[in-house]
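Every chain is named by a letter (A, B, C, D, E and F) in the order it is written, and numbering of its residues begins at 1.
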Amino acid sequence: MRKLLVVNSNTSRAATERIAASCAAHARPDTEVTCVNAEAGPQGIDSLLDVAVSGIETLRLIARHRDAYDAFIVACGLDPLLDAARQVTDKPVVGIAEAGMLLACTLGATFSVLVTARAQTTFVREVVRHYGLERRLASVRAIELTTAELIGGLDQMQDRIVEAARRAVDEDLAEVIVLTGAVFGDTPRAIGPRLDVPVLSGLVCALKLAEDLVDLGVRTSHAYTYRTPAKRDRLLGYDDLQHVYSS
Amino acid sequence: MRKLLVVNSNTSRAATERIAASCAAHARPDTEVTCVNAEAGPQGIDSLLDVAVSGIETLRLIARHRDAYDAFIVACGLDPLLDAARQVTDKPVVGIAEAGMLLACTLGATFSVLVTARAQTTFVREVVRHYGLERRLASVRAIELTTAELIGGLDQMQDRIVEAARRAVDEDLAEVIVLTGAVFGDTPRAIGPRLDVPVLSGLVCALKLAEDLVDLGVRTSHAYTYRTPAKRDRLLGYDDLQHVYSS
Amino acid sequence: MRKLLVVNSNTSRAATERIAASCAAHARPDTEVTCVNAEAGPQGIDSLLDVAVSGIETLRLIARHRDAYDAFIVACGLDPLLDAARQVTDKPVVGIAEAGMLLACTLGATFSVLVTARAQTTFVREVVRHYGLERRLASVRAIELTTAELIGGLDQMQDRIVEAARRAVDEDLAEVIVLTGAVFGDTPRAIGPRLDVPVLSGLVCALKLAEDLVDLGVRTSHAYTYRTPAKRDRLLGYDDLQHVYSS
Amino acid sequence: MRKLLVVNSNTSRAATERIAASCAAHARPDTEVTCVNAEAGPQGIDSLLDVAVSGIETLRLIARHRDAYDAFIVACGLDPLLDAARQVTDKPVVGIAEAGMLLACTLGATFSVLVTARAQTTFVREVVRHYGLERRLASVRAIELTTAELIGGLDQMQDRIVEAARRAVDEDLAEVIVLTGAVFGDTPRAIGPRLDVPVLSGLVCALKLAEDLVDLGVRTSHAYTYRTPAKRDRLLGYDDLQHVYSS
Amino acid sequence: MRKLLVVNSNTSRAATERIAASCAAHARPDTEVTCVNAEAGPQGIDSLLDVAVSGIETLRLIARHRDAYDAFIVACGLDPLLDAARQVTDKPVVGIAEAGMLLACTLGATFSVLVTARAQTTFVREVVRHYGLERRLASVRAIELTTAELIGGLDQMQDRIVEAARRAVDEDLAEVIVLTGAVFGDTPRAIGPRLDVPVLSGLVCALKLAEDLVDLGVRTSHAYTYRTPAKRDRLLGYDDLQHVYSS
Amino acid sequence: MRKLLVVNSNTSRAATERIAASCAAHARPDTEVTCVNAEAGPQGIDSLLDVAVSGIETLRLIARHRDAYDAFIVACGLDPLLDAARQVTDKPVVGIAEAGMLLACTLGATFSVLVTARAQTTFVREVVRHYGLERRLASVRAIELTTAELIGGLDQMQDRIVEAARRAVDEDLAEVIVLTGAVFGDTPRAIGPRLDVPVLSGLVCALKLAEDLVDLGVRTSHAYTYRTPAKRDRLLGYDDLQHVYSS
């Protein structure tokens, strides 16, 4: 039995429930998935400040639960502070943007990422560059949903998502579509049949990769970038992260 | 029950048996793995001509068996003609070099690939570039085994592999080690405990990704790069590949 | 007297004749050009499977004739398995896509490549990247000829080619136009006067470079990427390529 | 009179005093510099968790004081969460790693960055890549000081710093040396005369650039990457950052 | 008192006066700015021949005055022969394109450069690449002013400049606008309020950086790229540059 | 009969004679080669100021003789102002560094460039980058000849050149060696037999490409980068270049 902790980096319980439903639909029978959300920070993540705050809260949750789970999923389409999360534990930690893009690489020569607002375009491109995957990126395309539409639910939005995906395929030569946002839920599965190219849910891909990494019995490298820091006297004000340094 | 076909791109039955053993040790209980080897071509693959010939033979096997399996693994560390294989069927096809490198991206900021002869260095770098992953590559390191040593088996070679891996970590700042060659068998698992960084077997990673892609129910994109070609009159001399064009 | 073998990688005799006519018009008086076509494989090359099969057949022809000629030209705009061809002999082997792009670099800061179908765009970009020339590439532009039009001959198509070239210049800031496909025949010479930028035929460029390399008395490097493989016991089923390994 | 706030991202008062002394020595007469340090987080910053926590604390300080100063300097050699800081205010925010590298570009074709521990090498390279300056980077070189040595003060360490700088020049073809760490204080000025290439203090460079940006009367772009987020209901648990969203 | 020499690389006195006015408006009180123009060469610079000739004349002026000033500014938006100018003296030399782009990096994740003619687009892109800043470049946008309009003055052209800038922001995701041409004078300040993103004048940025470099007391690296050449017997026909070699 | 003008960019008649001898040995019978040297500027070119001055003098010679020749070769291993030379005439202009590197691309996957002094390394790398060929560059290796040795002639230096080439092959994985400097004369032919990889003379390669371009009947693109500038009133002090603008 694999035990996975999925951390919704924002504070929205509704989003956490949606995430939990997707995980339930896709986890293997012998995988136990627990979904939690950040206990502080924003309800939705769409600016760099949001990313930073949500990232810290995500680190806290992973640190707190690091003994109780076999692997962790950071369930936000901007992979907030994923690198730092890999330092907090040496158990596998998978981000949903990263996972969606890595699996996309096995299905097509290029992929496009769909985001919910045009202003996220530059962030997401930077995320792709950070992973060194810019050569595989056909485009980042925005659906430009209003907040009202986001609240109304994506189910009614499927036509707009399909339209954005088709433009990515036709105009940007995208061969795979990646929906990284946790907010997209099971949209990929729903719209897949309407498109000629594969559509991936970052969340579901992360679930698959986390299961794999647990099965492989591997641990995150702590050699350089994610190395375990030496013990310190005091991480003032962050007692819940203090013990990370002792390991 | 997932049915996977693993194609050893060379003609060595001994290698196929070694591959089969690794797969048996790592496949999920509900995965049925069949291992075959190329029916023509070289016994070992270490030049561009070998890659080309083995690649064609791999395509032939995948084309012949494309209705009988859910996904395919090209089990050669140089991923021979993997792109073309993705055109022959729209079921998932995973290469072991690609799979090892993609999963390495979730465990460290950089990886090194170990190869068995220095002359392969330039090929493997090109393979990495083809996947757009050069930014994650710390180095390609050669173990420089003689043919006699390769025949003698890698079990006795583990000290040399460990030594090459350690140099990759110490000198090249590698954070993950990837052994892409099918010839390495279960070496990664054996030497893992002797290293401070994760060691991945490309073959085992490919097995995991192939299982995932089947579970995701996705198909390879045939939009552009791997598109299904229109029907033709005759693929002279390659009748076994002819039907690919009719689909 | 230089002796060149031009290998049309497809099986179309009509195409071979067209290629021969272009060569006859451009070869130096003391160059003897022999044109052959693949004896198996597709009649036209426009998918990765076509590339792979045509590439193998091209290798076979070069290997068979390697003692009789001074240099070889792979006459297909996708340079199928050109790298492997360079291993089969150490006499110069030139690809027509490569040759057109290299000479374009001496005439303008950027070039665009025209192709006959939009779906080839992603392949050709990858070919450009493989040669490390992406920084010089303004665009890959498709003319989108139907098969009927292709059969009808490109002479009537010149207006469409000119139009695509002009858009490459105006919209993509292309400074040179490269027609890599052997199918284009002498189109470049015909349309050149209608454009303000130079138009190159990859085939003719390859002919020039092959003549040069023979005159320079140089041989392909077999140091690493194209190295001569050690002798093997048996290249099963590819007897015609077997002797390559003995050299 | 320009008013600058320099935020030492760690909690060490000794470091803040050292920073203040450097600023006092280099600020223009009509610049008023106030130095503060993070009120929580680590005493020294050398892992990704440190960067994340220190970054949040830096954001908090900038947000709290954003009305009282004309520009802000993030005084940590890893520029923690500098991007997010630029969203918290539209007044200029300058990072000391960034500033040192940008000014280095005016003095030499390449620069090397010296860091205090080899394990930081991979981070710093990523920082350089994030700024898109990898083409100018000759190397990241570590001085490998022990904690005892760091505490003992860098004055005694100058020989080792000079030695590392010389190796960067001789072996890596560095043309400028950048010391990004705030811990280096006035070392650059002290060792400058012993080297044949310019040596820059990131901190002093940031001071200069911040003064310039204030004089230019420009504001940070909030167009895309650093855009001002729309008002939200609640940034739970981060009341001190809440008001950022209202602007 | 800092003494700066600003070299207008063309021979237009009107342009020099415009440059002098901008400098007077932005120099610090204790900076003395002298503006000169090239004594030979073209009146305006917009081809590679212009760049070459103007560059040589700029070198001559810097060499002649190198003892009398503390730093030099090359005041042409194409930074003609800036690299060579850095060899002529080891006092700081700043180019206005370079300066505008470097400071833009502190205000936004990307910048666009506006030029006065579309044909300059490819040059300016190459200038950006030469500085290794292509990752930060959103676009080069041309305003397409006629010569008559340029002579008529840019004041009446502000609407067109604003329009081009807005398109850069809206279509290319530019976060900062850089006007590198000396011809733009104080346009950036005039149009700034009409745009939502910062607008920088390369000339004014260069003035600021030159002041900074003088204050820092640093000298241009002569280690490799800009190294001081050994004495020679005779630089035939360039007596005014001869003495450069003796230092 | 093709008429080529080879411009030795420096003022050394001895070098011009050496260049003429190489051309005589390699030009086709129906090619008439005229070699001239710069009438002003340095005797040898090894700093950026040398490059600038020699470049201008090269432009002057090409402009003066542009009606009398079919193509031009810039015979200096740093290709001084080659881009500007392409604007002065629309007849083909070939640089010897460029030509050596382009032909090297047909003989191996990577090449190394040998230079005569380590300080040129950074220039030459920039030249390679300017051509967009950095991906093919294995290394720039310096032979570190003293001036005395250079004067003494390279014939005695062949051992040192061979040694540098071997290290490029062994340590940098170079597959082709390019000697770009005109000073190397026929060294490549002399040392070729002692090396396992092809050795190219940039000068001879340029001769071949210039002959080809004349035979192809093509002209340099004047579309953007090398465009013909509009007529101007006066190019003050450069009367010999004035007429360029009238065409």
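Here is the rule we go by: contacts are C-beta pairs under 8 Å (C-beta built on N, C-alpha and C of every residue); 3 or more make two chains touch, one makes a residue touch a chain.
All values derive from a computational prediction rather than experimental measurement.
Ranked by distance of CA centroids from chain B, the top chain is E.
Our note on geometry: chain B versus chain D, Cα centroid distance of 44 Å, whole angstroms.
Chain centres here are Cα means. That of chain E falls 30 Å from that of chain F. Look at where the CA atoms of chain B average out and do the same for chain E: the two points lie 52 Å apart. Counting partners per residue, chain C has 83, 109-110, 121-122, 126, 129, 135, 173, 175, 224-226 as the residues that reach two or more other chains. Taken together, the touching pairs give a contact graph of some other shape, not a line, ring, star or complete one.
Inter-chain contacts, as defined above, occur between A-B, A-C, A-D, A-E, B-C, B-D, B-F, C-E, C-F, D-E, D-F, E-F. Listing the residues of chain E that touch chain D in their complex gives 26, 28, 83, 92, 94, 98-99, 102-103, 105-110, 131-136, 169, 173-176, 189, 192, 196-198, 200, 204-205, 208-209, 211-213, 215-226.
Contact residues on chain B toward chain C in their complex (touch as defined above): 11, 39-44, 46-53, 55-57, 59, 81, 83-84, 86-88, 119, 121-123, 126, 129-130, 147, 224-227, 229-230, 232-238, 241, 244. On the chain E side of its complex with chain C, the touching residues are 121-122, 126, 129. Residue ranges on chain F touching chain B, taken from their complex, read 109-110, 135, 173, 175.
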